[in-house]
Structures are given as C-alpha cells and as structure tokens.
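Next come two complexes, and both contain chain A; in the first it sits with chain B, in the second with chain C.
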Partner chain A sequence: MSNHANHAVHEPFVRVVKRDRIRFSGKVVIRLVAILLALLVDALFILCVTGLNPISVYTTMFDGTFGTMRRFVTSLRDWAPLLLIGIALAPAFMMRFWNIGAEGQVLMGAMGTALVMVYGAPVMSTPVLFICMFVSAVVLGALWGLIPAAFKAKFGTNETLFTLMMNYVAIKIVSSFYNKWRGTASALGKLNKATEAGWFPKMNILGVNASYGITVIVTVIMVFLMYAYLKYTKQGYEIAVVGESVNTARYAGINVGKVIVRTMLISGALCGFTGFLVVAGSDQTISATTAGGNGFTAIIVAWLAKFNTFYMVLISFLLTFLDKGATQIASSYANLNDYAADIIKGIILFFILGSEFFIHYNLVFRGKKKEG
Partner chain B sequence: MSSGYAIELRHITKTFGSQVIANKDVTLSVRKGEILALLGENGSGKTTLMNMIAGIYYPDCGEIIIDEDAIEIRNPRDAFAHGIGMVHQHFKLVDVFTALENIALITDKDEKYDLKSIRKRAQAICEEYAFDLDLDQKVYEMSVSQKQTLEIVKVLIRNVNRLILDEPTAALTPQETEKLFSVMRRRRENGKSIIIITHKLHEVLAISDRVAILRKGEYIDTVDTATATESSLTDMMVGEKVTLDIARDEPVNPTKRLSIHNLSITNPEGIRVLNDVSFDAYGGEILGIAGISGNGQKELLEAIAGLQITEQGASIEYFPAEPEGHTEQLIGKTPREIRNLGVHLSFVPEDRLGMGLVGAMGMTDNMMLKSYNKGATPLADRRSPRQLAEEIKSELKIVTPSVSTPVSRLSGGNVQKVLVGREIAAAPSVLMTAYAVRGLDINTSYTIYNLLCEQKRKGVAIVYVGEDLDVLIDLCDRILVLCGGHCNGIVDARHTTKEEIGLLMTKLKEGAENE
Partner chain C sequence: MDMLIAWLVRTIAFGTIIMYGALGETLTEKGGNLNLGVPGIMYLGGFSGFAGAYLYEISVANPNMVLAAVIALVCGISASMLGGLIYSFLTITLRANQNVTGLALSIFGKGVANFFGAYMLNGKIATQTNVYHVFHANIPALAKIPFIGPVLFGHGFMVYAAIILAILMNHFLKRTRAGLNLRAVGENTATADASGVNVMRYKYLATCIGAGISGLGGFCYVLDYNNGIWATTDQIEALGWLAVALVIFSTWKPLSAIWGSYLFGLLYWLYQFLPSILGLTVSSQFTDLVQMTPYVVTIVVLSITSIRKKRENQPPAALGLAYFREDR
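For the complex of A and B:
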C-alpha cells in the first residue's frame, strides 16, 4: 500500500459542518448578507442587460408596495389569502401529509361562495346569504380535502398525486360554471353587480376604502389561532406524533386514520374559507384563476416557516412585496418587461432561500485545522 | 512495511458544534496482524473515532498515520485507497438492489461498471472465506447475518487490509458470531489488521489481542487481552468499580396475570409468523423469551399490546392484580381500548425511536405520548410530563442538555433510559421489553436489569425478550423458547443450560410442525 501513501492528498478545501445552534443575531446577519448579495447580483443584471440605474429600479420596486398608501393596502389584499392558505397547509404538512391541492380547495370554496351568490341572493336576506356562502365554501373546501385523506386513511393511496389531480377537477368545475354564467359575454364580470348582494361591506383601512378589510382581520386572527392549535392542543400533539412516525402513533394508541381525516378536513375547510374571503371580499367574481397560484406559493410559505404561523406572516409578506415590486418595475420601464422583472425577483428569492443553508451549516476552509 | 503498525492515530480531536466533544486528544494504534477491540460506554466516541479513519468524518485536529506517513482521509474512497474499510453498525445497503449491485456501488471511479468481473471477484472472496451469499438476492430478502456478510464482502473486494467492524455481533446468533470470528482469525493469520467495536465483553476476551479503552471521548489505555478480565475492563471503561450482579429473587406469591391461548398471526406477506402459541405470565415473575431474532418475538409482544391482527381462535386473557377487577379479553382491542379497560400494559418495543418514542420531540413531549389524552380539556397538559421528565432524568442519570432536547440527539443508552423510564413510571401491571439492552454498554445494561428486578418485586408480570442467553438465564425465572413462530418449550431458568436453550432455538420439536 506504500504507493498510495506517497501520492499527495490534501486537506479538503472546504468542509461542511452542521451547526448545533445559531444565535438570533447570527441568523439576522446571514439573511442581511444574503439580501445584500442578491441586490448586488441583481444590480449587475440590471446594468448589463438593461443599462438602467439599479438604484432607481430598486426604488421603483420598493414603491410597488410602499409607494402610496393605496398600493400598500392593495398589497395587503394579495398578502392575506397567501398567508391564510399557508396557515391552512401548516397542520397537513406537520402531519407529513403533502397537500398540494390547496389551489383546488380554495377554488372549490370560491365555487361554493359563488353558487350561493348567484342562486341564493334573490331569495335570502343578507345575514342568511352570508352564512350560506360561508358554510357552502367551507363544506366544499373540506370535501376537497376529505376525499384524498379518506383514501389515504383507508387504502394508503399517495396523497401527493391525489391532491394534485383534485386541483384539475376543481379548475374544470369552476370553468364550466364560469362559461355557463358568462353566456355570450366575453368575460363574466362581477357577480350581483346591481344589488352587490354577497359583497363584503367597504371599510376604511389606513385611509383607503376597501372591501377586503374583513379578510385582513380574519387572517391575522387565524395566525394566532392556528399557532395555538398546533402548539397547545391535544389534537396538535397528535398531528406532530403522526407526522414524525405513524408506528409510534399507533403504539401510543392514536387512531392514525382519524387524525389524517380530521386534519385534512381542517386544512381543506380553511382553504375553502380563503376562497370565500377572496370571492366575497376582493374579487366579487370567480374564474379558474381565482386562487391565482397562491395554493402552490403557499407551500413555500408553510415550509420555510417550519409551520410557525408567525414566520409565515413575514415570508408571505416578502413574497407579496417581491411580486408587487416586479409588477411595478415591469410597468415603469420600457426595457424591463415582465420576464426581466421576474428574473430580478427570482434572484432575490434564490439568495434568501439559499441563506437557509448557511444558517444550518458552517463552512470550514483549508488551513483552519487546529493543531493539537 | 517498516513499522509494525497498521494505523496510528495521534492527538485526534473531533467536536460537533461547540458543545459536544466526541473525541479529545486520542492517540492509539493497531498493529499489523492483530485484532484490536475498541471498548467504551455508549457515547464514549468509539464510532466517531472509527468514522474518521473510514472517511465519514474529518478530524478537527490530529493525524492519522499509515506506514509512517501522515495521510488525509477525506472520504471513504480515500480510506479504501489506503486499504481501510469499515462495516457500519447500521448497514449501508440499498434495499432494492441485489447483493452484487450493492457491491458494484463502491467500485473505483476509474473502474468500469462491469458486473461480470465484479461477480467473479466477489465469488472468489465468498469461496475463500466460505461465505454463504447469493449474489443475486435482493437485500430486503436477506437476514441480518446475510446482510452483514454482504457488507464484509463489499469491503473486502477493495483489497482492504485494515478492517473496522462496528458492533458486528449485535444482532447475530451465537453460531453466526462464531462463524464471523473464524473469518476474523483467518484474516489475522494472513497479517491483516482488524478493529472491532463491541459491548460484549466475553467476545472481546475471546477474539481480540489487545483492548483499547475510551471513556467520555478520551483515550484511557490499551491492555493485552491475555491479562484482562471482564471486571478489569469494565472498571476501566466506567472509571470506577462496578459490580456486575443481577439481584434475582425467588418469585414471591406469583399470580396469573396473562393467559395466552392458540395465538397465531399471519403477516401481510402471507407468512405465518406466530403459530398456535400458548403460555401464562405471572405477576412477580420475569418470563424470558428466547429465540433467534425474527422468530415471532416482535409479533408476540405487539399482539399483546393490541398492535397486531390475530387469527381466529386466539385468546389473550388479562387477570387484574386487584381482587375486584374483571378478567378482560385483549384480542381485537386497540391499544387505547386496552388502556381504557384499566389494563396497565407497558411495552418497550425493539424499535425505540421508530415506535417507542418520537425522535424529534424532547423528553417532556415523549413522556405524554400515552397519557396526553387525559382530562376533558382540548388543551394538552405539559406541566406534569415536564415534572416526570425531570424526575426520570435525575433518577436514571440521563445525559441530555435539557428535557426539551430532541431525544434522537441522545446516545443509544440514554434513549433507552427515557423509554424504559416512561414505561415504568406508568406503574404497569404487565411490562414487556424487546431487546431492552441491545446496543447498550454494560453499565447501562445492568441498570436496566436491576430496574426490571425491582419491578418484579413489586409484583409486575415481566416479559423479557432477549438475545444474550447468559443474561436470560441469570435474569429470568422461566424462559419460553420460540422457534419458527412455535412455542418450542418453556424451561426453568434456574435449571437450564445455554446448550438446552440453543437447541430449542434451532431445532423444532417433533410434532410441533404440522404443515
């Protein structure tokens, strides 16, 4: 073996070492550095590709959310459903039930709301109408969550494919009603436009008159409720045990199938509730894009936050901010179209997500080996 | 081949994060043509040290010297290049691959993926050592012993002459262990070196030339096996005098607690894993269950715990300790239903982190696993579990930063103490344990044995599934031997021999087989 001993082998250039813990300040520094780096790379991109002044582009981006009070309040409108869906996904994901059907569950909730708005409005008083819209939305959303859960609990089917497919079913159902209601018009337009039946009342948010105030308030309340549900209740404990190990759950006497079904009913119902808020609160209409991809984006929100609803508030707001900023720059500059704006947004996301690695791992470079 | 050492370690230190020092300034060496046993309690850093030689970890400081050169081992490939190969305690095999495909996985990067030539070389090794290995068998179809053989072939095919075995005998039968030892002795005769990690002191004495001892990550000494005894090694390992005695009392006033009749189980694969087993367990007695692993022990305990679907005609009757209680039939009831009947059944399953505990949760949350549902409020009570966790932590001297540290971060012995502590704290009337001391060091093992004896004195009916026949004979009152899912006899532990049990384990009595 002596021939091997002679060939030069060096200490590795860099080694990855898992951190056992990191101080809060350390996390903040790493994230700030990530954002700075992202802005630098973006600046290069902006300079080289468009020749624009990066600083002014960034200012415009910032203005997308914070430019005027109206823009800020509009951002809240987009932020609340994203956050609420993230909250809805949290219990399912904590149970390691990969519910990627939030999009469909939200759409079904929206469908339930719209059905009552169209067919119920002429015959119902306002409070009854709202209650029926709410119940119909929650029931349909819960049903969309229940079906894959029941199959998983009974037959062990794969919930990832199942929930994904349920999305397409929901989209087709919504599309067919959309076409039916649209008739010969080019688009559906607002439902109950004349009577405004089933529309949330407008209220003053930060000086802006908007109908989605209720949505924002309810979402904030849900942040606290879901946090407490997962952390302090017996059901939350059951969800955590099932998520970690089904065998341990069985050993502990937990009825695993029951927990799966119950949790997905909650997850689906909350998604359906989001659909109700979106239709009654901000859109007053329905289409196949009512959920707008939030059902998928919310997966990122729930995951990054490690199911902590308070972190979700920040992450969903960041995503909304980036989205608004990208739209703003795309509309402000002639040579920065949607795609370029998306690249800028993507780079920032990449760095922020990538910084998670450095929060969990440390790099040790060659030459740092201590001499014993 | 100038120096007489196969591997020398100088001043090796390895830390994980800022808190955990796995190895501190360890200097030790293995001679050529010797078997060195590496001994230490759980968490003393044996596996970490070996992982650095095998290229899994990289030392923070210190040198590894082979043939008088300090070498860098950055990954297992480097280790192979220096003739170092390690068989890990937890097998590193791809379940859905065949034996041959697993061997081919670790071929050199310059080497062609040539199954034909690899098969030839693997066959040559199997012939040389008389290994019984079907190269086309899938790993998931293999027994533990076959997987181990495969791991060894996988390493030997790389011309390894410095072999590391991490607890190779933990799940082997006495016969399989003996076979492995003869392979090791043959390699020693050929001038190859072997480092073996094992907790079984009689094995250390039987196989090794020298013994190196680690304690809490630090190197203590290397002694010649010829001059060592079980107690001298234990004292060095623990750092103080230890008495290795099991305080077995005569059962006092044993009363029938469980009566099991005609218990049969067919597993989902359609194999009859338990066949018409009948026996009684008594309060105030330890009933041992012996058998080669995989002969129905797991299913038997899980059936009593309400976790298995049993076949028709089976009966598990429970006779309460209190005179006013009712006899209960446990068949067809879920664990929670059994608990709601007031049956205090504690169960320490074989798979500690996969069944008995939730690895990602701390001690507190694990304490409430079976009791969280108490009380009418929807909120979970964490105050009393936390108290219990603190009590168990101090009573059993569990080493953990806090009761909220995930238990998966604790060493194997501490994990088991958490589990056993919880199950005993539930004040059981029946306590079942499966391989309660597997992988535990000798000190922790005796702690567990004596906890069980204490429970026996309190009148608990204990069912102890074990693999070490010496311990079964010393600890239990009666021993039931399982063979192929049949109850192959119940012997009096005070008047039996290892040979008698060994025979019952391997040879089915006439008339028992009726298919």
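For the complex of A and C:
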C-alpha cells in the first residue's frame, strides 16, 4: 500500500524553487564558473575549427591588451565609451525603462559636436567652441532620449521598440551630414584638420601621448558620481521605486511620468556627452559607425552589472579585452579573423546570462528531502 | 517605364526579405517573446543556406541544382532554428532577460556568419554559388507579358511562398485552436497556464519556428536578392532591424506585413529610381534622409496605436516578460 501512495504523489525529476537570498560569495562563484565554462567551450571551438592550441591562442589574446603599454592605453580608449554608455543606461534600466536607443543618442551627441566643430570653429574662440560643442551634444542626446520617454509617460508607448527605431533615424541623419561634408572625397577625413579646432589636447597617459586622456578621466569620475546618484539621492530612490513597482510609486505619491522623463533626460544627455568625448577626444571625425555598436553592447554591460557602476567597470573591460584579443589573434594566426571576437563574446554572454538563473533559483532533485 | 518596372521588381525582392524576417518575429512575439536577435538569426540563415549549397557544389562533379536548393533550404532553416533554440533555452527555461539575450544572439550570429564566411571566401572578396538560378526560376510565358509580367510573375518561388506563408499564419493565429492558445500565452501567460495550455511548449515552438522563418529572410537576401553571392557584410544587420520595425508597423498582423514590406521596399529604393524617373539629380545626402522614412513611419505608427489604444493593434501584453509559474 505504501508503494501505491508513493506513486500517487507524482514528483517531477527536478523542480525549480526561488531562492530567498544568496550570499555574495555564492554569486561570485556562480559567475566565475559560468565564465570558466564559456572559456572551455570557446577553447573547444578554437581547437575544433582551427586546430590551434587554445592556450596559445588565449595567451595571444591576453597580449592584445597587456602585451605593451601602448596596447593597454589603446584598450582604455575603447573601454571608456563603452563603460560611459553603460553608466548612462543604468538609471533608465533601474527604472525598468528599456532604453535600447543608446546608439542613436550617442550618435546625435556626436552629431551635435561635429556640427559645432564644422560651423562654429571659424567664428568662436577655443573655450567658447568647447562649451558649444558640449552643450550641443548634450542637448541633442537628451532630446533623443526625451522623445520616447515623453510618449511612454503620456501614452504608455512601448519604449523598447520606440528607442530601437530612433537609432536608425539618428544613423541616417549622421550619414546624411557625412555625405554632405564628404563632398566628392571617398571618405570624410578628420574635421578641422588644419586648425585642430575642437580637438582635445594630447596628454600623457602611462607614457603614451594621447588625446583621449580626458575621456578616460571623466569616465572614471562618472563611475563614482552615478553610483552615488543612484544609491544616495532622493531621485535615485524614486527611480528604484518606479523600477520595482509603478503602482507602489504612485501610492507613495511619486509622479511616475516626471521621473521617467527626468531619468531619460539624464540617460540621453550622458549618451550625448559620450558622443562628444568620442568625437573631440579620440575620433576627431564623425560617421554612422562613430558609436560602433557600443550603444548595443552597453545594454548588456548595464544589465549584467545590475545597475552597479563598479561591476560595469569589470564587465566592460572584459568585453574590450575580448575585442582587443580577437584583433590580436586575427593578425597572429592566418586562419582566424576579427569576427572570432563576436563568437567568443557571444558564447561568454550566453553563459553569463544563463548563470543568472542559478543566482535566482535553486534546483531541487527528486528524492531530496525538503529543507526544514 | 523600364525604370518603374525595375523599381517595382527591386521593391518586391527587397520586401520579401523583410517579410520573412517580420513574419517569423510576429510568430515569436505572439508567444510573448521579444527576440531582438532577428539580425543574428538572419545572418545564420543566410550564411548557412549559402554554405550548404556551396559545399555541395564544390564537392560533387555534376551538382543537381534542385538538390542544392533543397540542401540550402534545410541548412538555412535548421541553423536559424538552432539560433532560436539558444534564445529559447536562455529566455524560457533559464528566464534570462529577453532584450539582452536577443542582442547577444545578434552579436553571435553576425560573428558566426562572417567568421566561417571568411573560410569560404578563402581570401577572395566574394564568392558565388550557382544555386541562385533555382531561386530565380519563373514561368517564362507569364514573365514575358509587358509590364505586369516582370512585376507580378518575374520572381522566384520564395516571393510567392512568403505571401502564402503570411496568409497561412493569419489563418493559424485567428482561426485555429493552437493559434488562439499561442496568443493567450503572449497576452496573459498565467491565465493560459491555468486553463491548461502547455506554456513551455508553445513558447519554445513559436520562438524556434519563428526563428526558422526569420532566417529565411537572410536566406533570400543571400541566395535570391544577392544572386547567391557571399561577401563579408554588415548589410544583413540593418535588414534585421528593418524586419523588427515591420512587425510594429504591421501591428502584429501577418496580412499587413505583406503590403507593409512592399511599402518599405518601395521607400528603400525610392532614392535610386524616383529621381531618374522624374529626371532629377539628387545629391547623396538626401538619399539618406529618404532611407530614414521606414523608421520614421514606424515610429509614427507605434505612437498613434498607443495613443488610440485600439485593443486589436496593441503589442502582446506579456511581450518581453519571463514567466515563472510560482511568481505571483
């Protein structure tokens, strides 16, 4: 009879239970295991497809960032905008506002900067020029964030789809100006090449003379500022409440529409600011690829870091490291190319995304006794 | 007149690409999954289709072109569905965030296609398979009729298959029990679950089959539109986002996706044909602004539908949300 009773209670082989909480060390272990597994899968991929020794490929990848001081500093150039966009997205994501439009917001910022560089440089003194470049970038970036936010606040328009479409509007506007300024030349060279007006001055970073020093310094400062804004200010708290539950926020007397618009103004303005830093600091020119997909990658950075800007530092650096590493292996091995970076990055992201599950849920196998 | 015909032919060929992309994504989104990996899936479909036909062609002395086309279709669809499976496993079983997973899939798909594509190219800029003849085959007697011949009958079978697929999908979503259940899953997952619908199975099937259909968009781009030529490309990514735009533009209705896709195609190629038809010369900076119109129109449609709040035009209510039965 007892046998019969056992059959009546049909217990699945494995079931999923939500964890109450998880220790910090548990989170770290799960994430590390995920990254190690991903590296293992990537190693298998390298071995099977190319027949190369994965260890030596990984060593070459490591050299891509850490091989020489110059490479490391160049990595910082690529890392700073990615991180800064991630920081810009943090308040929006914390509010559960899916700003997929960072690419467009950065491009509009870059556009604003370039406009002032082209038309303002002949008539402005240097300080005025920089101020105008900055203002123009921030205003255009903020505008690109404001439009979808206003529609979301007023009509509940789906912001994921709205911001996504705004990217392509920005891309086409930028290509239009690119083609206008390019004229009959095959490509648009550096803006203000003769006068270098609107270029950041070169400064010495770790022994390398580069014009993007300001970008790196500003980015590091923003890591702290945004962390403090989200954690210790009233506005940051309001963002967190709206993100947790819109109804709770309303009940607590928070004007949800106002918070959405204000937060997206900040998010868009910071993206626009990134565009300013990229154009004035590292590119000194503009094209439809000025944002270079960072606007999309930064979404992954901001989400995986769970809006914590210090985690973003690590994740964005990991992604930059992979990019630099892939460029390095592409030039060292004949049968690997740049796109290996996308595959390796994709696999690592899949594993990290999958590992989130084990942070939030527990698997209980059949026959295991219930914990008290 | 010739210009007008060329414009319409280009429009329909272009529209077909994004129609497949949008139809697949519509099916996926009806199940409540917002898959932003459409560009990646289209890369997978396009490249695998090409690779299947190309490898078959170079390994056999006398390749049978129809067989090559079948191999290409099987490879293209299964690779796209595999991409969809990765996405499904992460978002449905492991409940990862859909937007982020989709974007990661876009990066991954583009990487896979261009990485392995470089092997096929073997140092060349571009390489071609002859299988495109099969995809271009039409009925010559009909295609020779002046004007309507080339415009209506001058295309390969993929163009007509897309229209049939849209009609079938409309019927499936509106008139069958399975379609109704799928929509219930996308609108209110918990209610569907409570009424006995197997949520997991519906979500998995909709997402994987949807990915297979979306992948056909990339497939058409490479093997039909691009005459079977593979070259390292960023173009498919833009097409993928345009397909996502089309889903919104058509307000999640397969039948609207038919004319919507042709409208997008017409607008996309407007810059090349309209000025020459009217005898104007237009500088390149304006062509970009014209190419912007599909996106602007989509934004306008999205805004208007959200302002008017007509219930049949809204996105699926549970779109983008992970489902866990024990969550309350």
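Everything that follows uses one rule, which is that the second predicted complex is superposed on the first by the 295 of 372 C-alpha atoms of A that agree within 3 Å, B and C clash if a C-alpha of one lies under 4 Å from a C-alpha of the other, contacts with A are read in each partner's own complex, and residues count from 1 in each chain.
The definition used in the following text is that a residue touches a chain if its C-beta (ideal position, glycine included) is under 8 Å from a C-beta of that chain, and two chains touch if they have at least 3 such contacts.
This is a predicted model, so every value here is computed, not measured.
Colleague: Looking at the overlay, does A:Phe200 come into contact with chain B only (first), chain C only (second), both, or neither?
Modeller: A:Phe200 sits against neither chain B nor chain C.
Colleague: Applying the document's definition of touching, compare chain B and chain C: which contacts more of chain A?
Modeller: Tallying touched residues of chain A, the top partner is C.
Colleague: Once the structures are superposed on A, label A:Thr248 by its partner contacts, choosing first (chain B), second (chain C), both or neither.
Modeller: After superposition on chain A, A:Thr248 lies in contact with chain B alone.
Colleague: Could you tell me if A:Phe134 is touching chain B, chain C, both of them or neither one (first, second, both, neither)?
Modeller: Neither: A:Phe134 stays clear of chain B and chain C.
Colleague: Could you look at A:Phe273 and tell me whether it touches chain B, chain C, both or neither (first, second, both, neither)?
Modeller: The answer is neither, since A:Phe273 touches no partner chain.
Colleague: Output check: A:Phe155 vs chain B and chain C. Expected answer is one of first, second, both, neither. What do you get?
Modeller: Second partner only, chain C.
Colleague: Between chain B and chain C, whom does A:Leu349 touch in the aligned arrangement: first, second, both, or neither?
Modeller: second
Colleague: Touch check for A:Lys234: first (chain B), second (chain C), both, or neither?
Modeller: first
Colleague: Examine A:Lys18 and indicate which partner it touches, taking first as chain B and second as chain C; both and neither are also allowed.
Modeller: A:Lys18 sits against chain B and chain C alike.
Colleague: Can you pull the chain A residues that chain B and chain C both touch?
Modeller: Overlap of chain B and chain C footprints on chain A: residues 18.
Colleague: For the complex, give me every residue of chain B touching chain A.
Modeller: It comes out as residues 1, 10-13, 16-20, 25, 58, 60-62, 66-67, 69, 71-74, 78, 81-83, 161, 305, 307, 334-336, 339, 347, 349, 351, 353-361, 365, 368-370, 372-373, 378-380.
Colleague: What residues of chain C sit close enough to touch chain A in their complex?
Modeller: Answer in residue numbers: 34, 36, 86, 89-90, 93-97, 99-101, 103-112, 114-115, 118-119, 232, 238, 241, 244-245, 248, 283-289, 291-292, 295-296, 298-299, 302-303, 306-307, 315, 319-320, 324, 326-327.
Colleague: Applying the document's contact rule, which stretches of chain A touch chain C when the two form their complex?
Modeller: Per the touch definition, chain A meets chain C at residues 16-18, 98, 100, 151, 155-158, 160-162, 164-169, 172-173, 175-177, 179-180, 296-297, 299-300, 303-304, 335, 337, 339-347, 349-350, 353-354, 356-357, 360-361.
Colleague: Under the stated contact criterion, what part of chain A meets chain B in this complex?
Modeller: For chain A paired with chain B, touching residues are 1-2, 4-6, 9-12, 15, 18-21, 232-238, 240-241, 244-245, 247-248, 250-255, 369-372.
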